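Two complexes, one shared chain (chain A), two partners (chain B, chain C).
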Partner chain A sequence: MSQQSGKLGIREYVSIAILMVGMKPTGDLPTALYSMVQGAGWMIPLISAGIFFIPLFLLVKTMMLYQNQNLFSIIQKLLGKYIGSIVCLIIFIISSSIISIDTRTYTNIIRTFYFTTTPNVIIYSILMLVCAYGAKKGIQHIGSAAYLVVYYAVLSLTIALILSFQDSNIQGIFPFWGPGKLEILKSASKNLYIFLDFFLFAMLIPYFQSTKDFRKGTWVAYICVCIQISAAVLVFISLFDTSLSGIGYPFHIEIRYISLGSYLPNVEIFFFVIWIMGAFIRFTAFLYINVQMFCHIFKIKDYEYLIPALATLYLLIGSISETPFDVSLIIKPIITNIVGPSFTLISIILWLTAWLKGEFKHANNKEMV
Partner chain B sequence: MQTTRKWYKAFWLLAIVCLLTGCWDREELEDKAYVIGLGLDRSQHEGKIIVTMLLANPEVGSMQGGGGSTEKPREIISFNANDFIAAKGTANAIISRKISYDLLKIIVVSEDFAKEKDFIAMISDVLKDKEIRLNSYLAVSKEKAKVYFKKNHPKMETRPHKYFQYMVEHGVDNGLIPDSTLFRFFTAYERGTDLFLAMNTSAEVGKNPNVKGEDEYQAGQVGATGELDDTQFIGAAVFKKGVMIGKLTGQETRIVNILDDTTNIKDVLIDIPDPFSGEKKQFAARIMKTEDNKVKMNLKGLKPEIFITVPVKIEIMSNPSMVDYTKKKNQQILKKQISKHIKKVNDDLFKKSQTQLKGVPFPLALYARKYFGTIPEYKKFNWDKSFLNADIKVNSDIEIVDFGKTTKKH
Partner chain C sequence: MKKRLFNTFFNELNKTPPYNERSNESEIQLKEQDISTQYEQNLTTFKSIFSYPQNTDIKVREFTIRSLNRRGFIIFISTMVDSKSIQETIVEKLIENQVPSGNISDIISYPMERTAANIGEITEYICGGVTALFIDGDSQCYIFETTEVRGRGIEKTDNEIIVKGAKESFNERVADNIGLLRKKIKNENLIVESKVISKRSRNDVFLVYEKDLVNNELLQKIKERLDSIDSDKILDLSILEQHLEERPRSLFPTILYTERPDRAASYIEEGHIILLMSNSPSCLIMPATFWSLIHSPEDHYLRTPYGNFIRILRFAALFVAVFTSSLYIAITNYHVGMIPPDLLMAIAGTRERVPFPSIIEILMMEMAFELIREAGLRVPSPIGPTIGIVGALILGQAAVQANIISPIVIIVIALSGLSSFIISDISMNFAIRLARFLFILVAGFLGIYGATAFFMAALFYLVSLKSFGVPYFAPMTPHSISSKDLIVRHVPFKERFRPGYLKPKDLVRQRKG
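The block that comes next holds the complex of A and B.
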């Protein structure tokens, strides 16, 4: 294997993607989906993936035109300096608010279930500290770490789901269409944000060994992830049934409930350790991408010095809301409703501009020559 | 230079180890008192409850072979409190260690408290508490929970956590008590379409226990004598929307457990009226259920129809009339009898649940869901009402796997 130093291979990319997107059902995603469409919640990831496929396909196609250029440089190239910069800034702000909210959610989970008397700030700072340290190491290290952890993460999630399956009842997913087909379609379009990370991965293109790896990796990860999320939500629905709407973080309730026979009754710590490693890598990669965006917008060359500053900023933003309820019930729905449509729109506009400018023809001509 | 760097690194590594202990959530095993059983009663004072805590001594029985301490294996305290969460603090006035619900195994509620309307509000605190696991069991005791824990004196298994774990596990395996975890209680409560069964227990034996069939007892009715502990786990308390409304005997609980695919029954021994002696004697059989029930429904008409087929494997364990089981004809008679018996007990159970309990004691409504496309349609059907006049037919698919060790008459 010829591995260039400092570059991302396809397997590292897929691992990062699985950890960033595929681990979402271990947070509050299942509850959110259940309260929208009840038993049909498992369909939402699949349908959303279907809808999001179109903008993602167009984006990847546009990205393939330019070798080794990241998302922001292409946006600026296609939309002009001023409009491009504004669009980039919007994307940066949205993804910054998402990282703040998500890290806060994870802090809440850790505090609620595992470290009940530790102050929130301490847990939050440790989380951000680890992420900042990881991000400073660079994307190649993040990729290798992700590749090391991803098997354990997927395996532990699978084991947790299988163990709970004996207590669950598949009938819980019926009535099949939940509140009605139209309602499902509506909720699916609201939940496009599940896959928004794929949009952000386009920032990492210069770090790939080749741009083709990005295309291939995106589709492999996309399929894995949407199956994984859907399966996890399906299991949670059949396990908790109607009580899922009242449970904040079903994965953590579930791992406290399951047991490995009577000899090992309380096993949540195994799952927790692996889960938190996955969480660290998830936010490390997310932080790294955000730092890259910031550097690109404000033309900063040494990104390393920026990481602690941005991490602190996210910590402060995340600490604004007082209670966990504010985060997951009030702020999060607002952000998620904005994210899906705006990112879809940006992808389509990018492709349209490229098409109108005749970039695709140029590319074809180049190949002909 | 090299060695200084090495020492420098080693020093930092050691320094980091100190961080592992943490500051806030540091917990010493030595410093904790683990509550294994929690008893809840209504107090005489308005709006208060009596909380009983059964604390296990981790030192007893933990040492392999000999040694150990001479301390008592358990400690019990009861006091008035507003709820069982803040009671942890109050208990520290009496108990020297920090009270923890981490290893809570069983919550025992007295019958009269379970029948009150605000019971559900009290027990819902479980969901808020960060230590209680939802795989703890909920049990209903005939007497006050306070008295129950005091009277409960296992002779052999003195460590309370093991006692309750084994007692409940084997009771569930036998099918005599329902698998009533808190998890199942809250899912049933949230669903609202089915009744919940909590295990029935008692540490007081009734004065003149009647001798009944093998499993037709309720807790406290099994008349056992000898050198033993009086605690009994048999039968079930029925909860409707979080309030206790009635009781089931051990036999009825068994039938429900056989019908309910979400519980695991392993080894059910029952007596079936013997067909060869004109149903005067009974023969023993072992029921094994390896497959799920087949439930079919016809919910279109005015009167909903529900067909349940129970696949069971049966092992014949005794032969009171000394019949030759090798003959095909006798085998047929036997099969018919078992099928008739299962049909009869099930019909009785559904009759009781439709008239007395006004609800089905296991999640049958789940099977009805797939006959509806959307939730509004299902809601319109109104399971609670429709079930009451449903026509329920239970059939069994019997396979006799074994006729015992002997092939001849005896």
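The block that comes next holds the complex of A and C.
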């Protein structure tokens, strides 16, 4: 039966994308945005999405040329064996460092807010253990699990945001342009990394039922996600206002702050459960993509045996930094500043190469025939 | 690779002990032969095969057929045949008939006559309750299907009780069971195919499906699975179920076991395949998804709002049954801040004199509850209710008074225990009850984080489960066309599709219009 071949459906893909990208405002993203442009922080995701739309559009267009080929094989095909491999390796290293940093950030959140006496390494290893197990099951099962979780994740995020309305003050978004229009534009271009996951999803193309699903799913998820992030940041800005710059993880402060009526004053655990479920899916998919990259670069066929090894490696890399402070304020900005421009550059170079090589004309001719 | 290494190691450790089997080659050879025309030889052959007269219910009756003026004998197993009709329609006719005639079918009035010559084949027939007639000088033996198996009649369902809808259930006679299905699906495309699956006791199963609906690949897959079974005996459908399952050690079932013919019929109509077996008052429905294991036939018999109400109730109960105990442990041990202060004080007050940690309390009460439940099943019915009351009273009230457990634990256990009864499928019920213990342990280890991590791992496991190639959560994810009868159902006339994951030959149940 064809269902057994385990292809990724469009619903599953969109769910993974929403959980991977859309859950970012629950980390330290809003704080970073606020400290850059203050009240105009909510605009950044929208503008970044606008800027990132160009490379993503070019990338998707290039990807559509080749049916059922993943990002790396296309990079190698277009840029040649040696340059292509180097570019692939760079992408792999960047995304590896991002997964290490992000998992560490989430571990920090869990430790700081919910399990203050549990050693970091236990929380971290359980996180990686579950992710490794999930990644071993394959992307179609990650997708299925994501689809089962995504509604509750978005619903709980929405409820959490709505519950904070009564104490928030919409005037927090003023001055409307923050430090100035140019400054906003600059920060937006610095924050392209918010959407970098879409770039990485191109690794999953061979697992789709058709490449068209990838294109359609990408745009649907892209729109959902940028609205979601922007709305979340907006709510945090109006709830915390100026104090947002001093709050590490506003989502977790917020769910501690809100209450369901006067009888249930502390409901953070409900939101925590669903948030952590989303986080598991996010890192599972991320880990899986990284493993695929590694397999492609080093031509390994059995990826299953690689997953525990890479998961352990990320755990060790993530454990290097001593404090949450180091992670969020020193290491992360370095990575995020590199990611956006480099991925944009790669997308544009790919498209240019394909264009100069005449691949588009070639494809058109093929269609005509 | 690692697995193989381990296996060789273990094989070295426990080798199968050598034992001397007695060869039965001579008997096998005998069974391959045809019967002889010699009357005496046939008589001794069959007497020795059936160990007559040591085997008390084997009856051999010798007589002279007057009209042919030849010797003959019949052999049958008296406990499996209708003795009265043998006497009236076979023996009396043969003895009393005076008119000379060469044809046995003219003499005997018993219908369904067949002939056979192979000794092994005849032996199989006799074991199945058939009467065999041997006549001196004939190279064929006459077979009369006189089978009459004893069993109970069609009764009410015991385990899957519903209020509205059909009440009859399958029984141990497979002919009755097939009749019950035929009664509901009056269609010539309903195929009942039989297959012998075990070598020694020759148990047969019946595959029931609709020829113009079922997916041929699925059918082929199930037949292959049946053929691949290599066993001496499979006495019951529930044992066959374990042979058929892809993951027999898994906590979660992948085949639906039901005793309701109406349920089986509705699954046949969707393109599923049903297995029936003689001596089993139930049927197996394949493939089964998570949804079919959670649903109850009553969801569809009740009017839409009521049906959806009990279905949502059941889903809530599912979560309550799995998570209440672990949530209690997680919250009281790790996230005390969640409980409203007044309630927290009350809980702390009652727990003050209890010497155990709350996980021990919960485990003790869960065990007690499982004990009451299991004991309640096994005790003879007259004292059953008494045991229930004694159990509830002693374990609840007295344990609280003795400061062994706190009263809130009783509420928690009662809630989760009661909820676990709502899942009517017995396998799913066990899965849920066992999963509950696992969740209690992880919640005791790492609070809500541990429980969630475990839940996610379980979710990854569940979505990867397959029942004959059908994913466990189909058609929700991966998505396929269906009538969306998952968490809530539509009104019956909106359910227009058969489940797409089965790839039935006819997907649309009713056209629009």
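What we mean here is this: the second predicted complex is superposed on the first by the 364 of 369 C-alpha atoms of A that agree within 3 Å, B and C clash if a C-alpha of one lies under 4 Å from a C-alpha of the other, contacts with A are read in each partner's own complex, and residues count from 1 in each chain.
One rule holds in what follows: contacts are C-beta pairs under 8 Å (C-beta built on N, C-alpha and C of every residue); 3 or more make two chains touch, one makes a residue touch a chain.
No experiment lies behind these values; they were computed from the predicted model shown.
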Inquiry  = Under the stated touch criterion, which partner chain does A:115 make contact with: chain B (first), chain C (second), both, or neither?
reply    = both
Message = Looking at A:266, would you say it contacts chain B, chain C, both, or neither? Reply first, second, both or neither.
response = both
Query = Can A:148 be said to touch chain B (first), chain C (second), both, or neither?
reply = second
Ask   = Does chain B (first) or chain C (second) touch A:172, or do both, or does neither?
value = first
Task = Considering only touches as defined above, state whether A:84 meets chain B (first), chain C (second), both or neither.
result = neither
Inquiry  = Please report the chain A residues shared by its interface with chain B and its interface with chain C.
reply    = 114-115, 118, 122, 265-266
Remark   = Contacts from chain C onto chain A in the complex sit at residues 215, 217-218, 331, 334-335, 337-338, 340, 446-450, 452-453, 455-457, 459-461, 463-464, 466, 469-471, 473-474, 476-480, 501, 503
Key: chain A contact footprint on chain B (complex, rising order)   = 22-25, 103, 127, 130, 133-135, 165, 169, 183, 186-187, 189-192, 261-262, 264, 363, 366-367, 369-370, 372-378
Inquiry  = If we count contacts the way the header does, which residues on chain A are in touch with chain C in the complex?
reply    = 1, 3-4, 7, 9, 11-12, 110, 114-115, 118, 122-123, 126-127, 129-130, 133-134, 137-138, 140-145, 147-149, 263-269, 272-273, 276-277, 280-281, 284
Inquiry  = Can you tell me which positions in chain A touch chain B when the two form their complex?
reply    = 38-39, 112-119, 122, 166-167, 169, 171-172, 174-181, 240-243, 245-246, 253, 256-259, 262, 265-266
